[in-house]
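What follows is a pair of complexes built around chain A, which joins chain B in one and chain C in the other.
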Partner chain A sequence: MFGRLSGDDGEASGRVEIRVDGRPVAARAGDSVAGALLAAGVRRFRRSPVTGAPRAPYCMMGICFECLVTIDGQPGRQACMIAVAPGMDVRTAEGDPDRD
Partner chain B sequence: MTEKSAATPPEGNRILDAIVVGAGPAGLAAATLLARHGQDVLLLDEAAEPGGQIYRAVELTAPGSRRAAILGADYLRGADLVGHFRASSATYWPAAVLWHAAPGIEVLASRAGTTHPLRAAALVLATGAIERPVPVPGWTLPGVMTAGALQILLKSGGLVADVPLVFAGSGPLLHLVALQCRAAGARVAALLDTARPGHLVGALPALPRALAGAGPGYLARGLVQILRLGRSGIPIHRRVEALEILGEDAARAVRFRVGGATREVAAGLVALHEGVIPGQNPARLLGCAMVWDEGQVAFRPQADAWGATSVAGVWVAGDAGGIVGARAAEHQGRLAALDVLRAAGRLEAAGRDRLAAGERRALADHLRIRGLLDRLYRPADAVRRPAGDTVLCRCEAVTAGAVRALAAEGLGANQIKAALRCGMGPCQGRLCGPAVAEIVAAARGRAPEGPDHYTIRPPLKPVPLGELARLA
Partner chain C sequence: MTGGFDLVVIGGGIIGCAAAWGAASAGGRVAVVDGGDADDRASNGNFGLLWTQGKGVDAPPYAAWTRRSAHLWPEFAAALAEASGIDFGFEQKGGLHFVLSADEAARRMAALAPPGSARDDFAVEFLPAADLGRDIPGLGPEVFGATFCPRDGAVNPLRLLQALRGALARANVAVFQGRRADGIRATGGGFAVSVGERQLSGARLLLAAGLANRELGRGLGLELALFPQRGQLLVTERTPPFLPWPGTAVRQMPEGTVLLGSTQENVGFDKSVGVAGLAGIAQRALRLFPHLGGLALVRSWACLRVMTPDGLPIYEESPRFPGAFAAAAHSGITLAAVHARVLAPAILAGGLPADVASFAAGRFADWQPHDGGPEH
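Here is the complex of A and B:
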């Protein structure tokens, strides 16, 4: 859904490897978790606890709470407001189907 | 900026002179001025980098780089503001969330997994705006975002859509982001403009005001942007109505009415935008009196010419106090800071007024364009009070129809919240609050009043249980 701008400032920043639903994903230092997931092609972040419908980031600024994922075992974290860190373990609704 | 005090939280009995919340233009300007006058000031912001919405990640963008060229001079000028702040003695807490605040001033801020209780003589809310929620059928599908969200991805990660992208809505920011995405190489399949040309006539009375001071500069930049959009090759549909987003598990197309015909355009990503409104929650949590601004079609905290709210010790500056734009926000930040100094006894009223004169002139100058913009891009009733089964509350999947039915029975926002759970999810009514308030007021046949909106309670953001336990 998203690619990286070629010749971008961010190319100088270091690579950070995180795990998303168990598989390794390469991110850039300074990425938000949500940005890294979108860049990696993740389309569904969570499911609506009411309807079960898939949801993904809407605002990217901490307002909508549609990007909630489990980070290092802690559920309900705002992926758009948290920066990636090496070795971070991220679970979306796909990797954690029982979770709301 | 003092690294030492940043590492040693101002806890315990120490009472700060001022806490500024929000490192956008308003907060940066306020904190820098307070620090220059020797105040013990803490600036905290949820974001990892200073700059706020407009200048997000500006320190990480090298002048002359491709990203700098795409984002433009209005973005890059933020580097000076951030630089002055960095050079000041103010303490800066990035990635810190204010989740509770009470008159007095007592604040609870979460940073790196720990909540810090803080006390201060003054609190400046420079918490900015949010994009007006755009509840249309299908807006909860993955692949539907705000225009601002796409800009955030570009500014902070150099991310660009690589699927057909459709922009829908109205206002200068919609046009700006469409052009920025296009310059970054995105395939913009269409721009669906919902602005109504009838507004042009209605806006004329606001034109003379916009023709002096900084007004013509804004007008010229606006015209250049409209011309660039016209030449960009982006297919533009004007007077678009009845927008809906189609898809099962993700957005795949938009459907809309234009000139009496219904049309569909395929889209992998849809960017919605209908202007920005002041974020409500911090001011409401503090109990600040809120007023309805009919010109901006939004609530804002009641405030005097310095930004002092109805709550003693609480000031508001920038878009949090009513949409003013980045340049005006900066001046409002300094005006609030000067009044904080007066309240602290550091300045006499006369001294404050003397230092404020230039700021006030510049503020008035940058505000000249506002009335014209408000009128030109006034959101349609269908966006403010959606019809039928459109989901208003994304968290609890509550429809406009359900809200309207209870409003018709005379229920207020808090009662509707209790009955339907709208506004009770993690976003705490940030996205459904504006529309619910307008539906409640319309059912009563009058303009919205402050209490038509949900009451806001702490925490402003969910705090992990373990963190709460450690606090107690």
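Here is the complex of A and C:
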């Protein structure tokens, strides 16, 4: 659904590798976690704790809390407000079924 | 001159919109002058409870007025949802007030359900923690129980306002949003309201502008004893459903977020939030539900209650300019139904309903105007 405007994955700005649900994902330095995940094709970030419906980033600016993921073991982090860091471990609702 | 309104309402919050929609539903031609986004808007920041328990314990007319509204709410809610096409989360299947000790429970029950009080559908009963625990997972060990009134309930207050605005539009009520009433004058048989370059003429006028009623009222010979009382609130991230009834300090919204409130601070026109107030709210909530400690807080905010010296509403008609009315209350949600179905038609017909006779502005004749600062 989302792709980068210039095809590269960080040759110019610096490449950062993170792990998403256990698999390696290439991001660019300065990417938000949400941006990196969307560019990598991740669609389901979390599930509604009431209905179980899959949810994804909406506002991308820290307001809607739809993009919550587990980052380095800490649940409920706002993926759109946190920059990627080398080796960061990200778990979405798909990869972290206990976190509903 | 934009003319011929039966009623011009100043104030587009819950009270103004409910009255306007009620008047329009009763056949009146109505206009609403709303203020700007930066105005103090209690309707944009409140907790959304539809509440009777504890209301009017020492003021029977207030208890009666509140209960009348609670009785009218199901019909009002259904009609408004139909008229607006907006679901505002109306529920009226009971509400809880948690207590942490036997003492607190005894004191509260003595006030709310004294021996010999009516066993009607507003009767408050005490539910011990052991009973509550069956329906409320995660109830903290410090909770002694809760008082429960089956007529209490809640709405999503922002959606309620949206529904009223939508219903007003569909009822062809002229709503001037982001506009102030720059001037109001009596024209003999009516009122002219300046809104920018426009002049609205109405046979009757209702001031429903919250705290701004004080200033607006003066021009119409109404001394209204109103002052701001700050309430700070918190909302958590969404979490699985655990609380099937709204409570006075904690309610879970249908989307899963948990609203926590609220402070009662007399600090003037100051809508800031602070660690001390918010920490107090959070600490109390954690004693009720320890598991909330694991949730992220999404937002905090404050709004200003429209308070009177005795905490009861004010309804008044200007003695100098008959036809000019004022309404002010801090329970605009609870009273929305009675405002729409009783107050508005009465004003349209030219007078206040008998139910509100004891809420006249004159009861505060000795009141020294203040802004609710720390000295008060």
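Heads up, the rule we're going with is that the second predicted complex is superposed on the first by the 95 of 100 C-alpha atoms of A that agree within 3 Å, B and C clash if a C-alpha of one lies under 4 Å from a C-alpha of the other, contacts with A are read in each partner's own complex, and residues count from 1 in each chain.
Note that a contact is a pair of C-beta atoms (placed from the backbone, for glycine too) under 8 Å apart; a residue touches a chain by one contact, two chains touch by 3 or more.
Please read all numbers here as calculations on a predicted model, not as lab measurements.
Asks: Evaluate whether chain B and chain C can sit on chain A together after superposition, giving fit or clash.
Replies: Superposition check on chain A flags a clash between chain B and chain C.
Asks: Classify the contacts of A:57 with the two partner chains as first (chain B alone), second (chain C alone), both, or neither.
Replies: The first partner, chain B, only.
Asks: Just to be sure I read the superposition right, which of the two partners does A:65 touch: chain B = first, chain C = second, or both, or neither?
Replies: both
Asks: Quick one: is A:92 in contact with chain B, with chain C, with both, or with neither? Answer first, second, both or neither.
Replies: neither
Asks: Let me test your reading of the model: by the given contact rule, A:43 touches which partner, first (chain B), second (chain C), both or neither?
Replies: first
Asks: Between chain B and chain C, pick out the one touching the greater number of residues of chain A.
Replies: It is B that touches the greater number of chain A residues.
Asks: Regarding the shared-chain residue A:76, is it in contact with chain B (first), chain C (second), both, or neither?
Replies: The answer is both, since A:76 touches chain B and chain C.
Asks: Superposition on A: which chain B stretch among 292-300, 328-336 or 364-372 collides with chain C?
Replies: Residues of chain B that clash with chain C lie in 292-300.
Asks: Of all the chain A residues, which ones make contact with chain B and with chain C?
Replies: In chain A, residues 48, 50, 65, 68, 76 are touched by chain B and also by chain C.
Asks: Could you please specify the touching residues of chain B with respect to chain A in the complex?
Replies: Interface residues on the chain B side: 46-48, 53, 57, 60-62, 65-68, 70, 95, 97, 130-131, 139-146, 148-149, 152-154, 156-163, 184-185, 249-250, 268-269, 279, 394-397, 425-427, 430-431, 461-462, 464.
Asks: Of all residues in chain A, which touch chain B in the complex?
Replies: Per the touch definition, chain A meets chain B at residues 1-11, 13, 28, 30-32, 35-36, 38-39, 43-45, 48, 50-51, 53-66, 68, 74, 76, 78, 80-81, 83.
Asks: List the residues on chain C that touch chain A in their complex, please.
Replies: On the chain C side, the touching residues are 237-241, 254-256, 295-296, 298.
Asks: Give every residue of chain A touching chain C within the complex, in rising order.
Replies: Residues 48-50, 65, 68, 76, 100 of chain A touch chain C in their complex.
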